[in-house]
Structures are given as structure tokens and as C-alpha cells.
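First chain A sits with chain B, and in the next complex the same chain sits with chain C.
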Partner chain A sequence: MAKKEAYPKYAPGTHVSTKDIVNKKIAYTWWEPEVQYSWSLGPAMSRFLIELKNGKIVGRKCNTCRRVIVPPRMFCEHCFGPTDEWVTLKDTGTVETYSISYLDADARRIKDPILIGVISIDGAAPLHGFMHYFGDMKPEDLHIGMKVKAVWKPEKEREGAITDIKYFAPLKKKGGRKK
Partner chain B sequence: MRDVAVIGGGMTLFRRRLKETGKELSYLASKMAMEEAGIDKKDIDMVVMGSAPDAFDGVHMKGDYLIDGSAAAGKPYVRVFTGGGTGVFAPIAGWWHVASGVADIALVVAEEKMGSCYPHPQTAFRHIWDPVLDRPLHPNLVWLFAMEMNRYMTRHGIKKEDIARVAVKNKRNAVGHPCAQLADPNITVEDVLNSEMMAWPVQRLDISPPSDGASALIFCSEDKVRQFTDDPIWVAGCGWTIDSTMWTNRDLYFPQYVANAAKMAYKMARITNPPKEIDFAEPYDPFDYKELHHMEGLLLCKKGEAPILTREGVTQRDGDLPTCPSGGLLGVGNPIAATMGQKVCELYWQLSGKAGKRQIPGDPRTGVGQAWGDIMQMGTVIVLRR
Partner chain C sequence: MTFLEKQTDPTSPMHWRGDMQADYMYTSGVAGDRFFQNLKKRGTFLATRCPECKKVLFPPRLYCEDCFVEIPDKGWFEVPARGTIRSYTVVALDARGDKLPKPKVIALIDIEKTDGALLGIINTRNLDSDLTGKKVKAVLKPKTKREGTLKDILYFE
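== the complex of A and B ==
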């Protein structure tokens, strides 16, 4: 077989670095958008947030799928019918996965890691829960399958937000298994 | 439905920041694909543009902004966007333009400029999170991958070093790629395991870089293809599936939506035994564990088996199932939609025997490419065959 040319035959483009911009070695222009949003939240998330303010986690039950859904929604994406009733859940759950983050939201490095993960809420369908922080534990104690409980902000400080829960802490119980 | 062939590919240099504008990069990639196919702008019936979030470029209606660089002015044109899945979804859209009979020749261009966003493209990712449930927690996108990786590792008892082997393989494979951003012939598993901890279990060298770049492909109908080549490379199958946005209501250890997309593509390609009938794969690898996760989603092995195949060398370029022979996103770079260059252009070049130093031995006949995106929910799959 005749030797064929290798593709891509060439790699067009000119690499420039951030330094080239800082030192004004290349022409550039700049734009800083100023925009704000306010979202109306609809019946499901409005009730969820109001109940968080009351110190409660609530879900919606789909009687067709026999599924207690949290975070709640007014329709079920599986059977595509309306969900049927509100259910008050416990504020305890299980760590389904987690990370120990040395990055903040803008990818800046931080010294004290953020403990973050997904908690499935007791009383809801398997694996149904939400993302939140963990606290009152050492990073090395955090593990998948760990039982945790919500630590709430004092009632006066709650504002109807996911952050009305400060974080989830280890659930203390008699005879509990320690890692 | 008509059969559709690929007759040309192109891609620019991939770098953290390129001097050229998005339009210019689109032009350079398109021009290269047109040169390989031996066609001019007048020969192109329709154009598909793939580009991911507008927030990176800071130009909304980016699809319109990129028209002039995509040989699309005055032609039917559409921009498609399925997050990180765009790199394979854009060529799927190119395929259906031709398969449906509405176009004989379609150009697909994929463009991304992440370097424009300050202080880091991460900042733009802030706007993809749920405003009620997630944003008040100030999440970083790496958290998502870290949580998925942890779930996958824990479920199967996978060691980090077996995942690090993917980063080593892909960065070494990229050495033969002229566009590569992070090729490294000397990288070792220890380098990956000793790299900076970002969000456990994700370390710096587990991650592909943000990049600027563009890529392009030309699709041609079976009726016209003999004008251009005697050895067409055919689109044998396509599949795509999206799962619910409620990612905290799903088990992240297995990408079922990728499996559903793969089954759709394999059915079209009449593939019944993927590991036997597929010669090589380009699964989406923005993180090293994602290659393994996606090999399993693509049904190329059993659940939890991909790290073992990797350890045994099966996925090396000279192994039984070469995986990411391009160097992937980990080695060549990750300009989101433009990774079509590794995931689909590479299939075309490999199957044509044109991949040069990256060429897989043994005359490969069937390759699968895949991309993945949105919030761990979108799977896009394409099978090319000689």
C-alpha cells in the first residue's frame, strides 16, 4: 500500500497566552455584562422552600409510580401525570456520593476543603435527594452509605432557601456503626 | 433513508487561548475539510454548526455570529447544542440532513472559544446549575465529576491508579496529533496520582484542559459520493438519548442514557455484539474515569470491567480494543463542541488509514465515537464503517 499523507495535515491557529493580553502584546477588547435575574419558582419549589423555612423537608408522591419525589415537582416525569400529595419527610438520610473540594465556584484554590455530596432523604424513593454540604466531621470520616441528619439554621435566620439547612452532620444513634 | 459517507475532515490547533476569532477558527477548520473532500463553498447544500454554551464566548446567538466562518451565508443553516454532547450531536445532525434527502452535501462545523471567559471558563459554568437547589451552594462543575467518579469507584471497588492509566494512555497517544495541547510522551501513573488535588477524587491530571478550537466534517450522499472517493467511509449508525435533569434522583455509577443511545446506534448499524464487531472506540474523556464509564455505557465491556481492560493493555493503540487513539480530550484538548475532531474526525481518518503516527494497526473497519453532556444526562453516539 502506498504511504498516505497523515491527517490532519496541518494545525492552523496561533497560540497566545494570558500574559500576551496582560502585557498588551495582542489586540483585544473587553466586556463585563451586568445582568440580574429573579425567578418565580412555581408551586412545587415554592412550597419546598416555605417548608424549609419551617424546618421541614417535603416531597410529592406519585401514586401511579408509587414514588415519593424530592426535590418535589407537580408532575411526574416518568408516568407524565400529575403528582398526587404532599409528604413530610424526615430530615435524615444517606450519603450517596460526595467530594472533598479544594476549589471554589470560580476554580480558585482554597485551603480548607468544602465537603459536598448527594444525600438521599429518608422516606423518599431510593436515591431521591439533593446536593448539600457536610459538617461536624473529619473529611476522612465521610463515606458513601453514611447516615446523616440536617443541621438547621436558627429559625430567625431562615429565609426559605436550600441554605436554611447549614449542612448535614453524622446521625448519632445508639449502637451505630463507626467507620 | 439514504446512506451517508464522510469525505473530509478538518481541525485547528487546540490551545488554552488562540489569537484567531471564532469565525476565523470555523473558517480554518471548514477550509481544511473542504480541501480534503475536494469541494468548494458552492458544492455545499447545507451547514450544521455545533457550539456549546454562549456564555463562554460572551456572544449570545453565537450560531448566527459564526455563519460567515462556516461557509453558511446564503444557505440553509442550523446550530445545534446539547452541551458536551454537541461534538457528536452536530455530526448526527449533519448525517440526518443528508440521510433524509434534503441535502447531498452537508458541512458540519464545531467551534468553541473558552479562553475568552474571565477569570476562568468555570465562571460560565455557574449558570448551568439549578437556581434554587444548587446555586446557593456555590458549586464548582468539578464537583459533579468528583461525585460521579466517587460513586463509580465505590460501586465497583476501583483504585485510583487504574483510572490514572487512562490519562497516561491518552496524553501519550496525543503525541502523534499535530493539534494536541497536552501531549506528553513521558507522563506516568505516579505523575497523575501526585498531581494537585482539585476535588477528591479528582486531581489535576485527571482533567482535560479548557481550550479554543474548531473542527469540521463533510457528509455526502450515496448518490454523489463516487464523484469524490472510491473508498467511502460510511455512517453506519447514530443514537442519542437524554435523561432527566434531576441528577440527584439517579444512580450515577452507570450512564444508562449512553447505553440507550448506543443501542439505538448499534441497531441501525446492525451490530449485535459490540466488543467483537467494533474495532476501536473514541469515548468522551473530559476526565480519565469518563473514558471507563463510557466504555461501559457503550456496552464495549461489562459494568466495572473497563479499568481491568485498561490495566491489561487492551485499550492501547496496539491492543484488541484501541480506545482514544487520537489522544482524546485529555491529550488533544477540550474545546467542548470542537472535540468532534477527536470523536468523529479521528474515526474517519483512522478508517481511511490516514492517521499517520496515530494509525491503529490491523486495518480497522468499524469505529464508535461518543460524547456526553449537560448535567450528566446526554449521550450521543456515532458508528462509522469502511
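== the complex of A and C ==
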């Protein structure tokens, strides 16, 4: 621990450095609480994840509002009525909004930024979608309205999670590489 | 129809299981640090006496909680690692609700020569008799294995 005189006047107190902790110079308690949860998915989200495992993106159609909702919901949030049918959608979409993060989940600075955003899936109603990562592109290329396509994990590695899609990559124009 | 749709396959992912990281580090502070370093090195307890109201604060504090007076360095002194059981609980289940192989006794112990108390585990085989008022003394880990935490106190007996 530093000497008391070393503190700046505007910040009284005892300053502790990482060294003090690493060298166990000060007394402290470290605890890792077990915080486990089990979130009940319900029929819509369950089916969505099962189909992701099969390499498909599914939505629910509300016949009253004539809109397809993805991720699927059993109730339409516009007319409050039950949704009517399952729709298999393409794995392509449009960037609705995005973020370029130079901080990781632990708020550490990183060199290669994490690209994330909301993708509205083709065939579903516009102006809504789900969040995912972007890849195979430079941060400066990412823009709103960009056409993207899902890059899936190999079938064996899929486990029924949103991460069964690795990321969304720019959609190649016709004549380019297809799937 | 939505209301008639039922999930009948129990293997389908109906639940999402997760694990939240919530690790934390709690530093003992200036007074706590002195207490634990002393426990580690000398195997005794420290307490502080308020110069104003003469109350003996245990665990030691830098300021008296009653009169807000700063406690000078000479207010610190050693107290024996002994005390009297004020209250206790016999614990049969662990934090998850599973049955413990052997019930544990957790007690609040009034530390001798102080006005404070400490929570500790009581090592006793006699669970049928009333333990309140029983004199107990702390059993510490061997000096080389002490880390300067409350776990250095193995139990009281």
C-alpha cells in the first residue's frame, strides 16, 4: 500500500494497486457465486432454435396483419391475436442498425472490433429482426441497408442456439459465390 | 391453432440454460487489513477502543460507529481469540438445499474483552444440549497455511 502522504488531496483514501492484490499484500476475499438459470423458451422460441439447428430461419405469420415475425412469436404484438402459421425464411437479410465495438464483453480494449447489429430477414416484415455478429467485412464497409447472408456452423457443431449462425457476411451479387 | 399446439418431444430445447459470471473481490479495508494480517502472522484478534466512549469495537474499525471519532493508533490492542456463544443455528442443509453429511453449527460469538461479536462454526458433537453461554476458543489453521481471511479460523470449540 502507498504511503498516506502520497494521495492527492482531491482523492483521499487508501489506494490499492493490482500488485497489492497479486502479491497478496492486502487482505481480500474472492468469491464466485454460482448464478445459473434455466429460461423456459415457450413454443415459438423452441421451434426457432430447433430449426436453427437444421439450418433454417423460421418465422410466424399473422394473417390479420399480414406480417411475418422473426424471431417467431405465438402472439402478434400489433393486433394481440394469435399468430397463424410457420414460415421458413431465407437466411439473407438487410442491416437495420449496427454497432462497431472496440471493447470486449469485459470492457477491455481490443484491436479488431466486434461488429454487431440488427438484421431484418428477407421475407419477414421490415423494420424488425434479430441481433447478430457481422463478419467477412471491414468495419468501414458495414452500413445500414447492406445485404447480408448467414454463415452457418457445420451441421455437426450446431446445438440449437442463435450462435449456430456464426455471423452474417456480405451477400455476394449474382454470378458470385453462392452458398 | 396456437392454443392447441403442444410440444410433446421432451428432447426439444424447451429451456435455455445459462451461467452468469458474477465474480467479485471484497477488499478488507484499512482496519480489516490490519486485523487479517495480524490473524495471519500472530494468530490473535485485534480490536479498537474508542477514545471518546471507551467502547471496544470488534471487528476493529477506524472510526467509532457511535461517536464518529477517529481511533488513534494507540487505540489498537490484541484480544484473546476466545468468546461466549450468544446465539447459534444448527444447519442441516447446504446452500443448494442438499442434506449435509453432518450438521453444522453456526454461532454468533461474543469475543472476550470486546463489545463485538463474530460469526463462526462450532465444532461440537453434542447437538442436543443448549450451547448458548458456552465458552469457546478459536482453532486456527497452521501458520503456514493461513491466508489472511476469515477462513483462517477453522472453527471454535
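Assume the second predicted complex is superposed on the first by the 141 of 179 C-alpha atoms of A that agree within 3 Å, B and C clash if a C-alpha of one lies under 4 Å from a C-alpha of the other, contacts with A are read in each partner's own complex, and residues count from 1 in each chain.
Criterion: a residue touches a chain if its C-beta (ideal position, glycine included) is under 8 Å from a C-beta of that chain, and two chains touch if they have at least 3 such contacts.
All figures in this text were calculated on a predicted structure; none of them were measured in a lab.
A.B. asks: Using the touch definition from the top, say if A:Tyr102 reaches chain B (first), chain C (second), both or neither.
C.D. replies: Once the two structures are laid over each other on A, A:Tyr102 reaches chain B alone.
A.B. asks: Can A:Gln36 be said to touch chain B (first), chain C (second), both, or neither?
C.D. replies: Only chain C is touched by A:Gln36; chain B is not.
A.B. asks: Now for A:Ile110: first (chain B), second (chain C), both, or neither, which partner does it touch?
C.D. replies: Neither partner.
A.B. asks: Output check: A:Ile26 vs chain B and chain C. Expected answer is one of first, second, both, neither. What do you get?
C.D. replies: both
A.B. asks: Which partner, chain B or chain C, is in contact with more residues of chain A?
C.D. replies: B
A.B. asks: Under the stated touch criterion, which partner chain does A:His15 make contact with: chain B (first), chain C (second), both, or neither?
C.D. replies: A:His15 sits against chain B, while chain C stays out of touch.
A.B. asks: Using the touch definition from the top, say if A:Leu49 reaches chain B (first), chain C (second), both or neither.
C.D. replies: both
A.B. asks: Based on the superposed arrangement, let me know which partner A:Thr83 touches: chain B (first), chain C (second), both, or neither?
C.D. replies: Only chain C is touched by A:Thr83; chain B is not.
A.B. asks: Find the residues of chain A that appear in the contact set with chain B and again in the contact set with chain C.
C.D. replies: Shared contact residues on chain A (touching chain B in one complex, chain C in the other): 1, 14, 16, 21, 26, 31, 33, 37, 39, 41, 49.
A.B. asks: Mind listing the chain A positions that touch chain C in their complex?
C.D. replies: Going through chain A, the ones touching chain C are 1, 14, 16, 21, 24, 26-41, 43, 46, 49-50, 74-75, 82-83, 160.
A.B. asks: If you look only at chain C, which of its residues touch chain A in the complex?
C.D. replies: For chain C paired with chain A, touching residues are 1-3, 5-7, 12-30, 32-33, 35-37, 40, 147-150.
A.B. asks: Sort out for me which residues of chain B touch chain A in the complex.
C.D. replies: Touching chain A from chain B are residues 9-20, 25, 28-29, 32, 36, 58, 119-120, 122-123, 126, 131-134, 136-140, 142-143, 146-148, 150-151, 154, 178-179, 196-202, 212-213, 244, 246, 248-252, 341, 345, 349, 352-358.
A.B. asks: Taking the complex as given, what residues does chain A use to touch chain B?
C.D. replies: 1, 4-18, 21, 26, 31, 33, 37, 39, 41, 45, 48-49, 69, 71, 77, 96-107, 113, 116-118, 125, 127-133, 139, 144, 161-163
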